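Note that chain A is present in both complexes that follow, paired respectively with chain B and with chain C.
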Partner chain A sequence: MRYVYLEKSDLDKMIQHLKKEHRVVAPVAKENLFVFADVENAEEITLEYLPTILPPKKYFFPPKQVLGEFTMGETKMSSTTVEVEPTVIFAAHTCDIDGMECLHTVFRNDPVDPYYKKIEKEIAVIGYECMFPCDECATCVTMDTHVPKAGYDAMMTDAGDKFIIHINSKKGDALISNNPIFKEVESGTAKEEIKKLRAAKLKKFDVKLKASYSELPGIFADSYDSDVWEGVGKRCVSCGNCTAVCPTCYCFDMYDEVKLDISGGERKRVWDSCQLEEFAEVAGNENFREERSSRQRHRYYRKFDYPVKKYNKFFCTGCGRCTRACMAEISLVETVNDITKENKNV
Partner chain B sequence: MSEDKKKVRIAFFDFACCEGCQLQLTYLNEAFLGVLEHCEIVNFREVISDKSDDYDIAFIEGSITRECDVERLKKIRKNATYIIAYGSCATIGGINGLRRRYTDEEAKEIVYPGREFPLEAGWPRPVHEVVKVDFFLHGCPVNNDEVVLALKSILLGKGYTPPTHAVCVECKLKENVCLFEKGQVCMGPVTRAGCDALCPSWGNTCYGCRGILDNPAEQGQTDLLEKYGYTVDDIKEKFDLYNTCKMEADKNE
Partner chain C sequence: MCDCCNESNTKKQVIEVDPQYSPMEGTIVKTKIMTETEKFFEIKLEGGKELGHMPGQFVQFSLFGIGEAPISISSSPTKEDKSTFEVVVRKAGVFTSAMHKLEEDDKIGVRGPFGKPFPVDDLKGNDLIFVAGGLGLVPLRSLINFVIDKRRDFGSVDILLGCKAPKDRLFTDEAEGWNKLTDINHACTVDQSDPEWKGNVGVITTLIPGVDINVNRTYAVVVGPPIMYKFVISELLKKGMPEKQIILSLERRMKCGLGKCGHCQINDKYVCQDGPTFTYEELKGLEEAL
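Showing the complex of A and B:
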């Protein structure tokens, strides 16, 4: 679509422009970490941030959500009661945008999730390109999520004293317009500028995984019975941090909560985690993944194997959150490199 | 059948405790009135003075310590259809469990130094070590949201099972910065969730009041402590504060 410039000194004007008709959520500092939260002005925002504790999936797919209401004795549930105001997710990293794409793939595919769809329609995503690698945990280079490709309405790239904003959708076009702070620039010029900035940026980004993007599916296909999973399972404490912070984990539980007078109630859905012991427990006291090793293996296969077969897409965005949040120092980089090493030695 | 007859009769009984969990119920406000649509409270020392032996659900608060308490509890068990262990003292022994680290004489000397009077200190036990417990409502004090949810579920015939996963699960959803990362020792990784990570969300560490996980990862948990420079022995006091009964029981297994 088109490109505009925004002077850095006009950033707050941009936020106020967006806030006219939207709730704006952006990365803000929380102690030594960061979270996506509602912001009033640009001052509250930290543009250079380590991936937030929870990814922005919490806006598309809230940790606890009321889906509808029911009355006792009736078999029909009300239509969805999910309500959402138009929201701009501001300064999302490219890895997180890839995570949103994964969730869209799941929830928009047949059968379409009506609750997700209703929310997703109201959310616009303005990305912010990382010009520096964040830390040792991130594997965005291998997962090919370190450069903006798709999935955003607008993308901001730092170009010294100004941002270059790439407008990539109708939503983005409507948002980034009607304000003199946005200065139209000829596409060719902007693209050329971005190309130069990106060439300098890519030199700073390291590859941390020993396997390449195209090698990963084959490695996972051969590693189901690897001893690596036993070792990972021994360390795991089942705190569920890895799945909560993962931008592509979408497993949920549903339950009905009745009102106090027991005349009816609400149907709720809450995030669940395959790392919890009760997750794969079924009637008859059977548990399909009783051991932590099988639960951890399952998590990795849900990132690098099953979705590749089902959706032709990796569900690891390389954001590094699972490694950072793990209480037991289970590192995705280490685990994937361990099975890669085993695989290449055979 | 008249409306009155349909109401489930609920009784509260307190044993060795501070009765703080019973008081929590009075903070329920409107929710409490909602509960009363379906229940009739027949024994509740904190609120009413009448007493009855005719009840369906008995909430047992406090640890069981003396022989006379055992007899009293057994009678309640006979009268009630369901027994709910209510609050840490009842579900896991709680703070009363600390008493298990001392002999009768030591305990008396610590609590009432130099006082000469006959005192039956008793041996603190969670309710299930004495009679069968149908449902557990953990916490010091209990979490009112959980109490209401459990009560509704029990009234609907579904029963109630508390979470079996760690406090960390709820803590992470609140986007709290991990207390271990801030140089504090938190019992969250080994403690049963269900409190919505209340203490860590308000700047406190988890004290383990909802009890140790049923199936903690032994090596993983030890490694975790080691990663932050601790051993299990270093933080024995943290385990003991609420979980001495459980720790002792595990030792004797």
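Showing the complex of A and C:
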């Protein structure tokens, strides 16, 4: 266990230190919202931010990715490559780190995704602990993602005029060293300080879901036929916003993009959404999730039920993005509370 | 994602990845028009390499510029010429229409085989009832021929075929051959007759009461359109067939075949990996399955 202090006034020095060998991406204000973007200096970064429009999954699993190039008339791809760059994702929230863990679980699962694997290897994650709850949409307390646990190379915690940085991996150790701005601190002292800060922090976080972490799987197991899905389906406009902004949604479609001279092209994968009507359609136009209600239910079950059975892990990080992005004001808090209410009354 | 402001001097690198999505080269060695909408293809992989499949599996065919489509394998791995495999493709969309234009010596990309095969080891030592509706005979033919080639490993064999009209029948020559085998019972029915048809008329479930089933040692393998499953399964259950001895194969539009893209997901199951073959016991509670 290694901990260091960083004076707040040295933040830009830290960014410059990281930038020597890495591309640095961090939360940046964009109009009234935030995005992860490349940064040149600390001034561009907003450390206190509402979850960004898109989660950092875009760096691991780009919205569009070339699987390979081809020449027309051939059967094998002429090349299968991926572009990588040593990158630091700076100031990721703990909920988003949990989202990365979910994606790692999927793409590392046999058969391992070769593109993801190469990209992931080049990415370092420096987290930034939220000391204040963000808004009414977040359910991180119930999902147990509001305090740092795993999945980061280093984690920064605000301690007044300085940050306490916890180093959690070899990669993190290499990044947070060889610079006088990082002041070594005895781990017992740092832990004690963090403990106090966290105790004060937790008082500010309230629970919005009526079900607890351990009750959720049981509630979902009993709610497949609930009328709540009908209501959600009636409001849903099948735009796919909720899945695009979700840190753990990874469904994709594949298509060929042909050059204008039709000599060849690229086979690509692109983010897809189970909320779109044709997603589960098969030949002959049979559709196994034709109703919006069944598609919305599928989304919720892919967060709270199916991955729990397959990977023993919730695929909801509690970040609240789906609720914020929904044009029809479908709220995850409301939906989950509705089925919980139904379930507990029975 | 905006890359315009990314001017750092870090090493961007283009690196080779495992060509997981790059197809193998297949050459079409034989084609045959089977019906108005179905065409048969026999395909040889580069260097005569064996596909290495088992009955019930599928491949992803690829045509650059058009895309990919999952297609069931119709030949048995016990087929004499191991250097080729066979499929039947129904013209149903952009990809399959393009594939229908291919002839002998044309090339096609192949990924696979994918999916969980029919549980042939469980079937061994048991009586078998094969029920195929329409295009369902295509994947089932792989298993039927497998069983015929390893006939002594299995008990009695009943093959029940159904299709809309006599002109829609597939593999009629082979079905004639099954009629001649004394160790196989074969019955066929059509929903709608034509003047020349002398066989059974009626939906496929009408053939089931005629089969003698010893429920303790019988497996039914059923492949057909979704509507057929509901009726055939209920008829088999009526006969007392245990749910775990009814085997089905499902059709979904898989994109990756690798358990990632999400398109073939039925509740918590990925058809490309957990299927396409399932026991009825595995599927019965799943609303999105049938």
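Basically, the second predicted complex is superposed on the first by the 344 of 346 C-alpha atoms of A that agree within 3 Å, B and C clash if a C-alpha of one lies under 4 Å from a C-alpha of the other, contacts with A are read in each partner's own complex, and residues count from 1 in each chain.
Criterion: a contact is a pair of C-beta atoms (placed from the backbone, for glycine too) under 8 Å apart; a residue touches a chain by one contact, two chains touch by 3 or more.
These numbers were taken from a predicted model, which means no experiment stands behind them.
In the superposition on chain A, A:Glu329 makes contact with chain B only, not with chain C. Once chain A of one complex is fitted onto chain A of the other, the partner contacts of A:Asp253 are limited to chain C, with no touch recorded for chain B. Look at A:Pro63: by the touch rule set out above, it reaches both chain B and chain C. When both complexes are overlaid on chain A, the residue A:Ile262 reaches chain B and chain C alike.
Contacts of A:Val245 after superposition: chain B is touched, whereas chain C is not reached. Once the two complexes are laid over each other on the shared chain, residue contacts for A:Val237 go to chain B alone; chain C is not touched. When both complexes are overlaid on chain A, the residue A:Val106 reaches chain C alone and has no touch with chain B. Greater residue coverage of chain A by touch, when chain B is weighed against chain C, goes to C.
The intersection of chain A residues touching chain B with those touching chain C, taken from the two complexes, comprises 63, 258, 262.
Those residues of chain C that touch chain A in the complex are listed here as 1-3, 5-8, 10-26, 62, 64-68, 90, 92-93, 96, 107-110, 225-226, 251-253, 255-256, 258-263, 265-268, 287-289.
In the complex of the two chains, the chain A residues touching chain C come out as 19, 21-24, 37-38, 40, 58, 62-63, 67-68, 70-77, 79-87, 106-107, 109, 111, 113-115, 117-118, 224, 250-256, 258, 262, 264-265, 267, 269, 272, 274, 279-284, 286, 288-289, 294, 298, 301-302, 305-306, 309-310. Across the complex, chain A is touched by residues 31, 34-35, 37-38, 148-149, 152, 155-156, 164-166, 168-169, 172-173, 175, 177-178, 180-182, 188-189, 215-217, 219-221, 223-224, 227 of chain B. Partner chain B is touched in their complex by these residues of chain A: 30-33, 35, 52-54, 63, 234-241, 244-245, 257-262, 271, 273, 276-278, 292, 325, 327-329.
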